[in-house]
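Quick notes on the structure that follows.
As written, the chains take the letters A, B, C, D and E, and residue 1 is the first residue of each chain.
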Amino acid sequence: MDSTLLWTLPGLPLAGALILFASGRRASRRFAAGVATGAALLALGVAAWTLAATLSGPGARIVADLGPWFAAGTVGARAVLAADPLTASMAVMVAGVGSLILAFSAGYMDDPEDRPGMARFFAAMDLFLASMLLLVLADDLLLLFVGWEGVGVCSWLLIGYWFREPANAAAGRKAFVVNRIGDAGLVLALALLLGALGPRATLRIPDLQAVLAADPGLLGGGAATVVGLLLLFAATGKSAQIPLYTWLPDAMAGPTPVSALIHAATMVTAGAWLLLRLHFVLALSPAVLGAVATVGAATALWAGLLALFPHDLKRVLAYSTISQLGLLFLGIGVGAATAAYFHLLTHAFFKALLFLAAGSVLHALHHEQDIRRMGGLARRMPWTGAAFLVGFLAIVGFPGFSGFFSKDAVLFAALAAEPTALGAAGFPLPVLLWAAGCLAALLTALYMSRLLLLVFLGRYRGDREPGESGPVLVAPLVVLAALALAGGVLDLPSWIGVEAGWLSSRVGPLLGDAVPAHHGAMEAAFALALALASLAVMAGAWRLWGTGGRGAAAIKALLPSTAAFLAARGRVDELYDAIAVRPARALASALAVRVEDAGVQRLAPGAAALLRAAGTWNGRVLQRGHLPDYALWIALGAGVLVLLAAVG
Amino acid sequence: MPILTVLIVLPALGAALVAIVPRRLARPTALAASLATLGVAVAVWARFDPASAEPFPLHEGPWPWIPDLGVAWALGLDGVGLVFVLLTAVVVPAALAARSAPGRAPAALLLLSESAVLGCFTALDLFLFYAFFEAMLLPVLVVLAGFGGAGRIRAAVRLLLYTLAGSLPLLAAAVATWVHHRAAAGAPSALLADLLSTPVPAAWAPWLFAAFALAFAVKSAVVPLHGWLPDAYAEAPVGAVVVLSALLAKAGIYGFLRWALPLFPEAAVRAGPVLLALGSLGVLYGGLLAWVQRDLRRVVAWASVSHLGLCVVGLGAGTREALAGSAWQAAVHGLYTGALFLLVGVLEARTGRRGVDDFGGLAATAPRFAFLLGLAVLAAIAVPGLAGFPGEFLLVAGTWRVAPAAAVAAVLGAVLGAAYLLRVVERVCFGRPGADAPADLAPGEALPVAVLGLLLVGLGVFAGPFLDRVTPATDRVAAALEAARAGEGP
Amino acid sequence: MSSIGLLPVLLVSLVLFTLGVVGVLVRRNLLVVFMCLELMLNAVNLAFVGFARARVDMDGQVAALFVMAVAAAEVAVGLALLILLFRTRRTTHLDDLRLLGG
Amino acid sequence: MDWTTLPPVAIPDLGPDLLRASPVLAVFVAALVVLLAGAAGRGRGARVATVLTAVGLALAGILAVPLLLSHGGPAFGGAARLDRYSGLVVLILVACTAGAAALSPSLLRAVDARIPEHDALLLLSLLGMGLLVVADDLLLAFVGLEIMTVAAWVLTALNRSEATGVEAAVRYFVLGAFSSAFLLYGVAFVYGAAGGTGYAEAAVAAASGGRIFGVGLAMVLVGFAFKVGAVPFHPWVPDVYQGAPAPASALFATGVKVAAFAALLRFTAAVLPAAGPRWGVALAVLAAASMLVGAAAAFVQRDLKRFLGWSAVSHTGFALVPLAGGGAGMHGTLVYLAAYAAASLGAFAVAASMAHDGREDPDMERLRGLGRRHPWLAAGFATCLLSLAGLPLTAGFPAKVYVLLAAWEGAGGWLAAVVVVAALAGAAYAVRPVALLFAEPGEGVPVEIGRAARGVLVVAVIVVLALGVMPGPFVDLCRLAVAELGG
Amino acid sequence: MEVALFALFSAAALAAGVVVVTRTNPFSAAMALVACLFFLAADFVLLQAPFVAALQILVYAGAILILFLFVIMLLNLRGDEGLSLPRLAPRQAVGLVLSVVMGSASVAFASLQVSGPFPEAGPLFGSADAIGTTLLDGRFLLALEAVSVLLTTALVGAVVLGRKDL
């Protein structure tokens, strides 16, 4: 196959986007959705073909090099894409989920008021897909960065899609700016890499790996740790981890398909994707791995707690996303990159499913998002309810569903990790991480059960008469439900009897993972125990929020202040506002008033005043208009000159 | 044919023509002249041989100008000059297209300024350079003083005096360099090549460099020498602001690259930390101030301060990447700042207002405007794929090695940039449109901005060919600095 | 056999010149100031004549004649100005000249 | 020669010398004719005088050209040198006087002063300047100086109804005579040390370095420094420029200053190199003080003429710099003076247009808004002021370059630094009236610029721009001319 | 003998000079100036400059001083200066003393370079003949003509300033 064809992967959606941008307001919804979805589907085809090609033999790699992009000094950016089983499978996921969500959008975005914005919406979605595919396939870190920022831009555009509502636009800006903060870390990390590598500097991923493998000492003296931490920082921005996660809940202001595609399935995994691609850099510093794992576990736990309280359906899912991505980071940190990637894929399936199901509900309820005004929807929207149930079971890790396998793989890897490998010699960090992960899993069961119970079961509390969504909305749900259900086959664990999971064998080596050892019964026991515990939690949740349950009140009664704290999202936004935004703004205002207006802008008047003072003094003292004075100056001058003559 | 001379003379001829044609033909004549200049500039690009081993692949002269001083009309173009020349040739038509000030005088004056700017970017004789460097400001100053807003006189006076406060020391230092050369070589000359052949004594160099740097720093509004900028940008007619911000402010960066760094490499190396510190300061200071402005023009003005600070950081770092990045950033800054000021100018022309909070929802009522504004903003915040990115990345990468703190300041500036520029887009384009929302861009208004936008995209994607022409020139400067650094060590 | 010598002549001339200078500096009556200027010019003449004598050179004496002519010209215009001043301002007192300055 | 017997008297044939000095003679004849015509012409005297003045000046200018082209040499028994330098400077002086003469009719008519006498005095003053410039002998230079000065005194008081004019003339007279006495005393000492008053003899004496000569030199410099208006010998300058009628001030600012400088240049070129470096330093100090004091004082003025007076003080400082540096850069003084004179004349053209109701009223505020009514005139005036500030493309720019050059080569860095600071301050004050031009029109009686003033302004602007854009030929001329000095 | 006479005349001239400077009545000052000029003329004679001495008396005492007296009488000026010796501000006084002392001391110091008696001069030295010969030998011709122009200028100037019309 002609390797240049790889460029059609980002190229097709880009072309779609350009067509749609060009068509402007004239484009109808049908046309826009058609173009966008068509481009995505074509891309999916190419992606699948590419995946097949990369699987044709071990080590098969398709490289599409368009030559240098720009170069100066040691910086040499190349426009080069490469496909191997890792990137190709990711591309397939992106294109696939993307196609499904675009198809869903065609039905979802049917508000007549949105009619003029149709082209904009689908163009941005396509542009997003193009950026994401570029990010996935880029073989050069600067090219990756193009995709990385591209998805950020699209996210900004799409979160603020309904821009007439100022809050939406603000949410979009917040997402962009917080992402930029993370991006700063990435730029610095790349700069550091280039600087440290000196004459052998390269940002091409395989070359970088080769250079570092040949001489790990290039990143000695703590440089590896700094690079790793900067990369982690960058990843926390894109993947909504502590400390930069706050944008994601707000990002739910965007249309639901956007949330599904960008803020659940794809873009938010970009941070993890970066860490996966640069696993060899992280591996140089145990401390970084420990930090990644710790950030992941903490985020998983914290977001799980926060997910218990919102009344907004999508916000619960958003915190859920953050929590699940935390598990992913945990996996990467403990050296289970393959497991993390596995969870990335399954999460993409079930979280997209959950979001689309939620979208279906919102569509039916005319964008009523408050779960207190829902209930009993399973009977009125059976397909949607069933799809949501599949997603629910997958995310809580019901045995057999995709989430069960992937989550288990991550958690078990955490338990099995060596403290020294995490830079925490003598400290039982792995156990703590595992415990946190398990707790997060249980919290998942709790908050997801709350959603299921309050939205789909019980009694309908709203005042509209919702009915099942149309086939355009339901069909993608069905496909995604199937994937969420069966996604586990991608990497079945050894205790089930397979020799080695597909991912572990084909992708694992690319991620630096050895084919995992057979843990056998032990792993199975842990997995099933967790599943049982989750079931227990679900039962508890039934008592809290089930028919007649007084869940919220009960929790509040139990831990009033903590509950209030968590319900207020932990006041993290306020905290950031207080420690960063407001001081910075105060500083800016102070600079504007104290330094600029009172200082710099007075320089010129000050100099003028000085000159004026000198001139006035001259007029008052030297030249006050008194003739004998004048003669005196002349006589004095003459005296000095004569003295000069006489002393020589 | 002496194409560079033609390049310089053409706009001046155009200006003369504008002054004499019937009034209604003045604007078309001016536009035609500037477009003809653009054509010549493109021809210059075509003639420029990037593979040439000569420092200046295109050069003309020297033809004596003041023989007594050995001052000559000597022009030459290397990659750095080339991009600035192209920038000039592109921006001036756009500025002229902005229907900012009535009458023929502004158009003629802007053309005159274009002549001088082109001269400044091509002069290889120090005094010739100085003359152009100073002269390019005067027409703009007249436009500002004669056709600006309420505070125009104050702004113009301040601009002039700030400029002179910088350039008079430059003149003194230039003369000193010349004096030294005559003493060392026995014959008067102010040609760059000749001056390079007689390095000034180490005792003088720091002072002379400081004088050069002062002039260029004032021109490029390096904090804390930027006092002229906010008022000038706020008061001048749009066309003048575009020329001022997109072109004149670049002459400072260009001056560093062409004159200050090569002539005094040792001093430049020693002054590196100062430039780094001032540049970083500018990046953050400009960013923070842009963040709290209520006036659209002032936001863009302070953004300019911030982004030019970035260029100064690169100059201070002095590595190959950083210098290339500096040149690139300076050139591209001209494109997006020009676009931003043009867009703000349209709003002003429509409504007479330009507060950040005076508008809203233009994305609905004026989609063309919103699209172009968004594009320019994204380029300004260095989104990769657009033209701003290569410059910024090269700057950060090249600076990190020398001064990590400055690199951090640079990326922080980018973060701030996103904060304040996106705020502008949000306030202006998003939200509910007001009842008196201005109409969308007419095709005539959109075209110049669209051309700039197209260039921002094109240069972002096809950065290579342009950068490849720049790097030989910047590498030469970096090599001189490197040699100076090496010589300083033992 | 003249034994005066140049030094006494120069010193006398110097004292006379200084007297003139002091007079210009301290006197406020314009007319007296003019007279002091004449003192200075006479000191110049004494110096010229003294130097001429010391060098046995007639140029100095000729120069003294030129000085006299110049003095006459100056006095003519100066007194005309003084009269004009008196006609317009009714004063010849320097302290009354206060229109200009700064 | 011990004067026991009389030497033979051989009156030399002065014919050829007089022929070469014809421009000066032409001026003299013109002055007398103007005077007579003015006296005889009654009502039409003014117009006749103006025409005759123009003819005389044109004649003088034409007759000066051969001097410029010739090689020249000593004349009148060594009292004078009729050389290229004389030719060049006389041409500049004639131009300056012509400018002042062109400005006079309208202003003098406005303030009801006599034109024929004014023109005659202008011409006599020019005659003095010419003698001063060609003189190669201190005595002749002094007499020339006195002619110039006596005429200037009278010109200052010409508008006799103006109290400031008379007062200024009195001040000018007292201080002028005072400094003349110093100059003469100095000449006496130089004579005593050198045995003669010629520059060449002085140079010889300078080389032997006696104190008598030093004292003489110091006092001669005092006299010259007074005439050029260098600090601290400057206080008369602003007062006189303010008090005198604008055309007369224009002459003082241009012709008188150029002539004094040209004579000083001839004198220092001959004498200072032999007299030791201290005099260069002394002149440099005077230059620095003049630049700074003048600029600071000009910054606070409201009266345009007084403003230009202080500006003149400051520019004296600049023009002194090449002179102080000595050596190869000395022609910079001439370049500077030409640039200054042209721009100054343009500025005075405006100042001479500011009379109304029979009085001069050169309040700068009256310029407010001129740019709205007369953009081109305002632009021309602004060009002149900006040339004074030394901006490129105007004559002020090469002039500043030469000053800086001389500063570096002469006194060194400190003087260059002072030049920079003073130039900046100079720009600051020069910009003030320019800013007024472009401001919104204010109250006050608007200024109307008459036809003659416009003409002068236009010519001045053309000269300023020509010297700014193509300084080469003129600079070469100056260099050639100055190269003839210094023996 | 000559020395004694010179000392006498000089002392008298200086004393008259002091009177000129200190006298408040301009008429007295003018009279003192006349005296001073006469004594100086005597000094000139002693210095073998009889022609100059004669002109000193003719031009100065005869013409210039008469002008002064005319003006004094014309303007009816009496001792109306209003102060015996003017009040000087301390700053001015310091400047005055400083400049006078500095200048005079310097010149005096420089004058010390000359010493010894005058050389012998021929009998014609200082005579009208010698003056005439010197004036006509070429170097002074132009200056002489110039002086005539100067006097013309002064004449014109005085007339312009003094005319009654206007």
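By definition in this document, a contact is a pair of C-beta atoms (placed from the backbone, for glycine too) under 8 Å apart; a residue touches a chain by one contact, two chains touch by 3 or more.
All values reported here derive from a predicted model rather than from experimental measurement.
J.: With one step meaning two chains touch, work out the least steps from subunit B to subunit C.
T.: Steps on the shortest route: 2.
J.: Spelling it out: a chain qualifies if it touches subunit B and also touches subunit E; which chains qualify?
T.: Expected: A, D.
J.: Would you kindly count the fewest steps from subunit A to subunit D, each step being a jump to a chain that touches the current one?
T.: 1
J.: Taking mean CA positions as centres, which chain lies farthest from subunit C?
T.: Chain centre farthest from subunit C's centre: A.
J.: For which pair of chains is the number of C-beta contacts greatest?
T.: Comparing chain pairs, contacts are most numerous for C-E.
J.: What chain lies farthest away from subunit D once each centre is taken as the mean of the Cα atoms?
T.: Measuring from the centre of subunit D, the most distant chain centre belongs to A.
J.: Which one of the chains is closest to the middle, using the mean of its C-alpha atoms?
T.: If one averages C-alpha positions chain by chain, the most central is B.
J.: If you average the Cα atoms of subunit A and of subunit C to get two centres, how far apart are those centres in Å?
T.: About 96 Å separates the centre of subunit A from that of subunit C.
J.: When the centre of a chain is set as the mean of its C-alpha atoms, what distance in Å lies between subunit C and subunit E?
T.: The computed centroid separation for subunit C versus subunit E comes out at 5 Å.
J.: From the C-alpha centre of subunit B to that of subunit D, how far is it in Å?
T.: Taking the mean C-alpha position of each chain, the two centres sit 43 Å apart.
J.: Indicate the whole-number Å distance between the mean C-alpha point of subunit A and the mean C-alpha point of subunit B.
T.: 37
J.: Specify, in ascending order, the residues of subunit A that touch 2 or more different other chains.
T.: 607, 619, 623, 625, 627-629, 631-632, 635-636, 638, 642, 645-646
J.: Multi-chain contacts only, two chains or more: what residues does subunit D have there?
T.: Those would be 2-3, 139, 143, 146, 150, 153-154, 157, 160-161, 170-171, 174, 178, 189, 192, 211, 214-215, 238-239, 297, 300-301, 428.
J.: Where in subunit B do residues touch two or more other chains at once?
T.: If we look for residues of subunit B contacting two or more partner chains, we find 161.
J.: Please give all chain pairs that are in touch with each other.
T.: The complete list of chain pairs in contact reads A-B, A-C, A-D, A-E, B-D, C-D, C-E, D-E.
J.: Which of the residues in subunit C come into contact with subunit E in the complex?
T.: 1-12, 14-16, 18-23, 25-29, 31-32, 34-36, 38-39, 42, 45-46, 49-50, 52-54, 56, 58-59, 61-62, 64-66, 68-77, 79-84, 86, 92-93
J.: Which stretch or stretches of subunit A touch subunit D in the complex?
T.: 607-608, 611-612, 614-616, 618-619, 622-623, 625, 627, 629-631, 633-634, 636-638, 641-642, 644-646, 648
J.: Could you pull out which subunit B residues touch subunit A in their complex?
T.: 158, 161-162, 223-224, 226-228, 230, 285, 288-289, 291-293, 319-321, 324-325, 361, 363-364, 367, 371, 378, 381, 383-385, 389-390, 392-394, 396-401, 404, 407-408, 411-412, 414-415, 418-419, 422-423, 426, 429-433, 463-464, 467-468, 470-471, 474-475, 478
J.: Quick one: which bits of subunit E touch subunit C in the complex? Just the residue numbers, please.
T.: 2-3, 6-7, 10, 13-14, 17-18, 20-21, 23-24, 26, 29-30, 33, 36-37, 40, 43-44, 46-49, 51-52, 55-56, 59-60, 63-64, 67-68, 71-72, 74-75, 77, 80-83, 85-86, 88, 92, 96, 99-100, 103-104, 107-108, 111-112, 114-122, 125-126, 130-131, 133-135, 139-140, 143, 147, 150-151, 153-155, 157-158, 161-162
J.: In the complex of these two chains, what residues of subunit E are touching subunit D?
T.: 106-107, 109-111, 113-114, 120-127, 129-130, 132-133, 136-143, 146-147, 149-150, 152-154, 156-157, 160-161, 166
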